[in-house]
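Note that the chains are named A, B and C in the order they appear, and that numbering of residues resets to 1 at the start of each chain.
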């Protein structure tokens, strides 16, 4: 071997070794945070929720319980409530009763173990000029001393649980779908975090975990469902699910329970004697962005209409 | 493989006359990679994470803390710190007959702002005031104030009966458990029924999502 | 036969690492940039997408823009270059090979952008489970182009005339596939009804025009950088003229469509849509995107005018014009096609987006990776077609001036 070829080999070897070293060193951030250590083969190979067998589901639920216990020291009960037969959930909100106090927003965050930092909230309340429905005129950050302000309407917006949901069609991996009771849910363990559903949603109802969600262990709500309020990971999408872990057991959603003056009404739209049927039959109900054909199951109505009409009866006697 | 490479390099080196890869510069690339590796391992953090604090989340506000649930069926009225049945006094003293009294003398805490009901006897049965009197003359005890209210407020009656007007506690369907509709007096002061609860409500903290920037302050004001 | 193939692959592999000083410096720079990107990506995977400038309001940024442009450019390269094979006796076969190389490396870059954009890259395989058809189609498209390129290059290596049946049917299929993929990519966002910005009648043709400008711009820069030394003299001139004409035509089409869209938006409507108004002039006193879009339009207009003037005969001016056109396309795609649709949000919130340093590094890395693949393919193509890499000749690497576009 000549001296020049040895030099050339040395250079090549140095280049190769340096390149390999740089390639390996470039991955240090992963090692530093231990993000990769969280991945187990079991999690990587977990099938889609709808394809889980009974035993697999039980194993997954037990795994989540163990994770919660390990991370938060909380004994959580992770269950999987199935849709009730003959039930289609719907929501109605009386805009005349809503005063914009944001109790629903915060009750929802607590109930659903939503990340506090960075903030994730499923409900956004808009303050609009009275009678306006132009969302671009809305103020999201109103903070007056007392509510409601005169001349303003308050419009809480959350997932509208469309009967024709654009997000479901947009998802490339089928990680979000509509349940038999009409609620669109997400398999947080199947979502790849591409955010196509967020681009597709006309109601800005979906939130993304841009960083590992932070929920204080002391505030962790221990009654969880696989599809609803169990802890999420970074990099997946979540949204309002009508509190299925509560509602499929007969309870009201957390936002309804928190509303101080009963502006929120929740129920089975298929029940002819239910509140929802009454509202749809008697009130002038509207939905947001009806022109998009999404067919929301979240109805708004002005409940005080009849009261107003009664308070100021039309004068016919020329008085 | 290796021989091919060294041969290539040798050929290149000899032909290029030591200019680029031939001389010491040939080592630069390897050294550059090593430098890059060191920088990756020890260099500054370029993540540039934004403020991740987010917004405050208020702990759940128990509804009992709201100024309500005090007015269900009062047994009487508090005068000078003593709770007395109304008839204790009103057997003897009658309010002046034609008095449109928005502020009754002995009852400083009562403000009468109830539409066209401008006197006590609009609702209270005279004499005695221990009972309620409907428009059609039906007499009801305080405990049935709900019936009394709905006797006049026909426009609310249907809504309330169907669970629309006001809150309902419990389950969304009676087959799962109890459903309890709040009665009128759990929210309204019968003497001044415009919701007193709501006037005092302060909003809970507003949103602060990631990369929100400066919230657009009161755009509505700006437009006017 | 098998040994020949393996030997060819081995020599091509060596060739892609060895070369003259400038080539090595170019490859070193690309590798270093790609590693910077990998490092930034690792940081993003460790800390979450909070390392990007994205938010719940603006959920898509330059990753998706890069993905769309890469797919568009791949298709445009295949659509514009592969038909050259069908002309009998054309002396522009090398240009077609270059186009194929560009298409292949753009598909790789597109895959890189997709992986960079997902919040859970560990679950990217779910795409394969749920959309096997789409992933398969993309793979087949890639293989078709690779086959056409590889069979021609390998035949030249063997100094054998390739039978037309060996590559023409596949080239035809690839062109058809590119046409379909181009249409799909240009209408990718139109269906998302929640965003008025994408419901633009001229959106899809504008995207196609931009992609059809990007592909020839890269090819032209490659030719000017001497990436195709075989096509010397008259053939090189013809190749240059063809690519330049394609680029100029695409740029003019793009500018005209843009002018049409602006007229339609600001004169043809009672009021412009908020997102478009935000993009060009800002909303509520916020106008982060306006400087980008206007400089993109200015660069494109400059390039289009220069390309049609006589000064473009000078190679340096031509290269500058070409670079300006490419920069204009990149800027408009990065900031003018995806992000404005998210401002204001569907609930009327104006939250601005600007890529962070980490995000920019990831993009740089993906682009560098694509260019790395492209440079290697171009180098092999050039060596084979110049007769420097054949079965009969001993493996000698010349120290030609430069590899890919530098």
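We adopt the following convention: a contact is a pair of C-beta atoms (placed from the backbone, for glycine too) under 8 Å apart; a residue touches a chain by one contact, two chains touch by 3 or more.
Given the structure is predicted, the values throughout are model-derived calculations rather than measurements.
Novice: Does A-C or A-B have more contacting C-beta pairs?
Specialist: More C-beta contacts join the chains of A-B.
Novice: Quick one: most central chain, C-alpha centroids?
Specialist: So the chain sitting closest to the middle is A.
Novice: For subunit A, which other chain has the most distant CA centre?
Specialist: C
Novice: Hey, how far is the Cα centre of subunit B from the one of subunit C, in Å?
Specialist: 51
Novice: With centres defined as the mean C-alpha position, give me the subunit A-subunit C separation in Å.
Specialist: Chain centroid spacing, subunit A to subunit C, equals 36 Å.
Novice: Please report how many Å separate the Cα centroid of subunit A from that of subunit B, as a whole number.
Specialist: 18
Novice: In subunit B, which residues are in touch with two or more of the other chains?
Specialist: 5, 7, 9, 21, 29, 32-33, 36, 40, 47, 49, 52, 209-210, 216, 219
Novice: Among all residues of subunit A, which ones touch two or more of the remaining chains?
Specialist: 19, 22, 25-26, 28-29, 118, 124, 137, 140, 210-211
Novice: Show the residues in subunit C shared as contacts by 2 or more other chains, in ascending order.
Specialist: 31-32, 35-36, 39, 43, 47, 50, 54-57, 349, in rising order.
Novice: Note which residues of subunit B are touching subunit A in the complex, please.
Specialist: So the residues of subunit B touching subunit A come out as 2, 5-7, 9-10, 13-14, 21, 26-27, 29-34, 36-38, 40-41, 47, 49, 52-55, 57-61, 63, 66, 154-156, 158-159, 162-173, 175-177, 182, 187, 195, 197-210, 215-220, 223.
Novice: So in the complex, which bits of subunit B are touching subunit C?
Specialist: 1, 4-5, 7-9, 11-12, 15-16, 19-21, 25, 29, 32-33, 36, 40, 45-50, 52, 209-213, 216, 219
Novice: Show me the residue ranges of subunit C that touch subunit A in the complex, using the header's touch definition.
Specialist: Against subunit A, the touching part of subunit C is residues 31-32, 35-36, 38-39, 42-43, 45-50, 54-57, 59-60, 114, 117-120, 122-124, 126-127, 129-131, 189, 192-195, 274, 341-342, 344-349.
Novice: Per the contact definition, I'd like the list of subunit A residues that touch subunit B in the complex.
Specialist: Listed in rising order, the residues of subunit A that touch subunit B are 1-2, 4-5, 7-19, 21-22, 24-26, 28-29, 94, 99-103, 105-107, 109-110, 114-121, 124, 127, 129, 137, 139-148, 152, 210-211, 214, 219, 247, 249-252, 256-262, 265-268, 271, 274-275, 278-279, 282-283, 303, 306-307, 309-310.
Novice: With touch defined as at the start, can you tell me which subunit A residues reach subunit C in the complex?
Specialist: Contacts found on subunit A: 19, 22-23, 25-30, 32-33, 35, 39, 44, 48, 118, 124, 126, 134-138, 140, 157, 166, 170, 172-175, 190-195, 198-204, 206-212, 233-237, 292-294.
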